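A, B, C and D are the chain letters, set down in written order, and residue numbers restart from 1 in every chain.
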Amino acid sequence: MFFASDNTGPVHPKIMQALVAANDGYDMPYGVDGPMERVRDQVRETFEAPEAEVFLVATGTAANVLSLATLTQPWQTVFCAPQAHINEDECNGPEFYMGGAKLTLVDAPDAKMTPDALRTRIEGEETRGVHGPQRGPVSITNVTERGTVYSVSEISALSEVAKSYDLPVHLDGARFANALATTNASPDEMTWKAGVDVLSFGGTKNGCMGVEAVVLFDPKLAWEFELRRKRGAHLFSKHRFLSAQMAAYLEDGLWLQLARQANAANARLCEGLRDTGGVRFLHEPDANMSFAGWTRAGHQRLHEAGAKYYIWEGQLDGSDPQEELTARMVCDWSATDENVDQFVELVRG
Amino acid sequence: MFFASDNTGPVHPKIMQALVAANDGYDMPYGVDGPMERVRDQVRETFEAPEAEVFLVATGTAANVLSLATLTQPWQTVFCAPQAHINEDECNGPEFYMGGAKLTLVDAPDAKMTPDALRTRIEGEETRGVHGPQRGPVSITNVTERGTVYSVSEISALSEVAKSYDLPVHLDGARFANALATTNASPDEMTWKAGVDVLSFGGTKNGCMGVEAVVLFDPKLAWEFELRRKRGAHLFSKHRFLSAQMAAYLEDGLWLQLARQANAANARLCEGLRDTGGVRFLHEPDANMSFAGWTRAGHQRLHEAGAKYYIWEGQLDGSDPQEELTARMVCDWSATDENVDQFVELVRG
Amino acid sequence: MFFASDNTGPVHPKIMQALVAANDGYDMPYGVDGPMERVRDQVRETFEAPEAEVFLVATGTAANVLSLATLTQPWQTVFCAPQAHINEDECNGPEFYMGGAKLTLVDAPDAKMTPDALRTRIEGEETRGVHGPQRGPVSITNVTERGTVYSVSEISALSEVAKSYDLPVHLDGARFANALATTNASPDEMTWKAGVDVLSFGGTKNGCMGVEAVVLFDPKLAWEFELRRKRGAHLFSKHRFLSAQMAAYLEDGLWLQLARQANAANARLCEGLRDTGGVRFLHEPDANMSFAGWTRAGHQRLHEAGAKYYIWEGQLDGSDPQEELTARMVCDWSATDENVDQFVELVRG
Amino acid sequence: MFFASDNTGPVHPKIMQALVAANDGYDMPYGVDGPMERVRDQVRETFEAPEAEVFLVATGTAANVLSLATLTQPWQTVFCAPQAHINEDECNGPEFYMGGAKLTLVDAPDAKMTPDALRTRIEGEETRGVHGPQRGPVSITNVTERGTVYSVSEISALSEVAKSYDLPVHLDGARFANALATTNASPDEMTWKAGVDVLSFGGTKNGCMGVEAVVLFDPKLAWEFELRRKRGAHLFSKHRFLSAQMAAYLEDGLWLQLARQANAANARLCEGLRDTGGVRFLHEPDANMSFAGWTRAGHQRLHEAGAKYYIWEGQLDGSDPQEELTARMVCDWSATDENVDQFVELVRG
């Protein structure tokens, strides 16, 4: 019963097989391997973006910080939600890679920025000439860190605000596949057609071992990105083992299938919890992550049974922490009905 | 009628004379000049801090960013008010000098942080192990950027919160003299006795040409500070001209006398404006800076008469921007009764 | 015939099996996985260093830049050979991670610094007080970038110079196993007993997929290192797949066996080349990398046969580039006698 | 007898008067003062560069590091002489401001790079694709740190090498006026007509209190420079006092007159020393700085008489440090014949 994160689960067998297959013989290092050529083609087809440039790194934080550094000058500020991974969970990595640029936090109930709140924050910067930080990119996370999902039109609305100030848009898509699975949008619709300039396209949380693609819809950024990746120590010598994962992930829609499995497991989990009668949710379940509160006794039963999940530091409205704690639960592709149902039964007591 | 800032006014004659006097003959460069020895003694006496180390720089931003960099690791976050100069008016200088550390904004009505709000923000960081930013120093500004003043006990209360988490305290005292003039506190009471570890002690806004002292109450920080100052290109070769200003500024209490003059001018200005009947204030005048709103016609008369001040981007409660605009007015030591009264008369119309 | 680098070869089957085995079930992310506990024990035993702290990253550059950043202040300079990977092949990664510290290049014929040359360079810095860069760590590479090997006593001699100035010592051991295989020294003898404070301990070039251990012989550096790793985006979520590689690598001496195979292949290659009569060497073959020159016709035959290796930009003494080009050849554990002999035959013509 | 540096001397009376005059009344802060408009015009006329942009800072290091940061990407390397101030005397300031870019040292006997040596170093970088540092600007110092002077044609020859690789050229002109006084070249000839893109134009060492101009011959760099200056904490609030110095300095050719005085004093000093019979020079005196060796007894006499100058860490060919030490002597505009002659007499003994 591992619901702590979608990074606690196993690598999908097809991806593991691809790694074994890539180990047959020799290949040139540092990204000029054969599988990388295939990945480039796959990504361009998947996103209907024949000009896009694609680079692989091994961590989601690397994808984010290198993307932002490529889009941002050190005297600028990035507009994002307070709950954004780049603000809360990267130990100042973005500021480090951007050479000391900063983040301006945009009000975001349930971790989703609204166009109005974004406009307000943008208006609040660059009003003091050379003195204040200059306006930089807007960074959107989908699926958000609270498990909510932006629709394509919501992303477009944020991009329109950004574009009206000539600001580029970054999409942190560590769970991009899950967002597509929720919305049924196509990859192109949710990215460049919605105004996204650079995408962090996650693999690790969705069945890979450790690979993320950065998709640059503007190929002019490519060389700078390559230099930043190398300088950041993120260029793999045996790069073909990144390529092999990503190629298998994109093959025959495996990536979307795995995301659908994860979302379905989460839906089953939430339905089950709701059925118990004593569980309240932070918001409707959208993708593969949920926040829900129940009795301390329920948590105790789960703990004794070895269930893994995090207690959320935040709190549900009207909840009494003496009585009730809120769980953050994440499902990955490998979550079984059996495990989900067992978890629910333990909450029910 | 220059009320735009306390940096638009002249250098006080005694300080100018000191510069002329320092020009008589030769002296060794880079901070080993004769006047600097005197400054060190003066600061130690003024603050009753015989162990303190003192360094001079030429801009307030330099004093702040070097102080913060000396207190902060790159993976930490500095707790400060949203209105803080380090957040709004230093073009990411703090983040640059701190190697990519960040700022966590603490709620601060009228630009004054409360101990509770500070505690809440500190509690909100460092809850995610290695993932989130680590807790760093607390930076307090006195006089604040809205012209309000912390009392000694208010500073102590913030320091106590900081110290309960083992966090150091920085005081941005670009207008430190004005804060003392308002509170009648002594320099030691408002600094190390109130828990302040490093002080940016302003001279430029209060009658100097361009000099700020950084006072390190913990002398162990001195060598690192010196290296950071040099690396930041802030070590003056003809340093004696910084020393000479600061020595004259501290001589016979000139610095406090000038601050009292500035505060008195502001009090007269506010009283006069209040008497006109049509003026509302953001808050009670505390030191030498005020925010007040009146009719557009009044602003028009001032504009035509060549008065200099900034229109504040913020807004008074219940004010209609069609009818009324808010002025930010700052008095320095040189403001004359005549100028102040003339300004008031123009508002009155 | 892949002799381009020891990063073009396959992952050793035992290591690949360990990855497959690690994929059975769930484990906690970010370095608290089960296999990591085993790795920590293995490293401590291998180095007879029960206090040492161990962290895993995926690239050799990451191991180096994080190690150096932990040892170096931004105003210091690192002493290293001009040929060092950190100087030539990391795209300013060290300077980036060290916050703008610099490298001082020490004369190093055949890429090996001498104690005298090191002392001269150390003496040349920090003679200008706050003006010049301050002295920082000494970084030694073993096996060097020219394929030469420092003996234990040579490393000790460099460390003694460093220690006489209170400077720490970093060892870039991307090919550390090969250096041990050449010298028959034990891991402890070549590291902490010889004055090394931090070791970049390579796995990737010697049969792993992508893993390097940083060994901190001074455990007080551990927490800073962890924060720097996270901030640099080098902390893996599915970290157990790094651990699994390293655990298998260290199991039953596999790491040393693979290095011996690589060194033996290189010895055979060099012997064969020497036997052809027309080949000259940059220096005696030491470990698993060699530089040798022969006729352009020989290179042409190899090229047509699809052999992979780099033409060295440098030049052998007395060599005429019209006639002769110099090859850089690297053998990894997987090089077969057949491939080696075929290569030699093509040179012979 | 202050020959320690041209920064130990007094401010020229005309410049001091300009400061006093600038103190009459109010002016707007942060570089929009009246005197700055005049400076801009003066610089454009002086350099026959009507498009050039001009910014003032207070230290030579600030001028250099901001100029280099504006010209250099963090993954690039700057080509300069080993003796360059940016390498030896700015405590890693350039690396800090450039975000971790590095310096590649070009062989430079007597501190003057030759075109061949420059070409060799440029050829040596950027041969390793994304792995090595990328080629960045060439930085030339004139007058050099050894007191030698590049002629216009020598600067042009270096620029031609730079331009053949599309690299920009920076001129560190902390003693630019002295270089013109030596060569009789015009300001335009030695800068943009010789391929210089950005000039650090010194005032402090030549009679100012503390002001340097950065001249951007390509005005497109201006906005980035302004942001970097503010972010580096080098934008003065009471900026008019920088402007006033520079305006007086440029008025009626005062700057060139002062440089001629300094050069003449140095010539007299060297002639006198040569006449004593026992003095040897590092090279022919070129501008206002000389290196010469004489007996320890001579140094002792000077020391007892309170003469100020530095003992050079380097050594003259064939000199025995037991017998003889080398002095570095610098004359500024204020050096009197009397002082010079007294110094010489003390060496003579």
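The rule is short, and it goes like this: a residue touches a chain if its C-beta (ideal position, glycine included) is under 8 Å from a C-beta of that chain, and two chains touch if they have at least 3 such contacts.
Keep in mind it's a predicted model, so treat the numbers as computed, not measured.
With centres computed as the average of Cα coordinates, no chain lies farther from subunit D than A.
These two copies of the sequence, subunit C and subunit D, are related by a rotation of 180 degrees on CA atoms, to the nearest 5. Set side by side, A-D and A-B show the greater C-beta contact count at A-B.
Remark: subunit A and subunit B have CA centroids separated by 42 Å (rounded to whole angstrom). Rounded to a whole number, the gap between the C-alpha centres of subunit A and subunit D is 51 angstrom.
For subunit C, the set of residues that touch two or more other chains comprises 74-75, 90-92, 96-97, 99-100, 130-131, 134, 227, 230-231, 235. Residue ranges on subunit C touching subunit A, taken from their complex, read 2, 4-5, 7-11, 16, 19-20, 23-29, 57-62, 64-66, 90-93, 96-97, 204-205, 209-210, 227, 230-238, 241, 308. Of all residues in subunit A, only 74-77, 88-92, 95-103, 105, 127-128, 130-134, 313 touch subunit B in the complex they form. Taken in their complex, subunit C has these residues touching subunit B: 30, 73-75, 99-100, 130-131, 134, 224, 226-231, 235.
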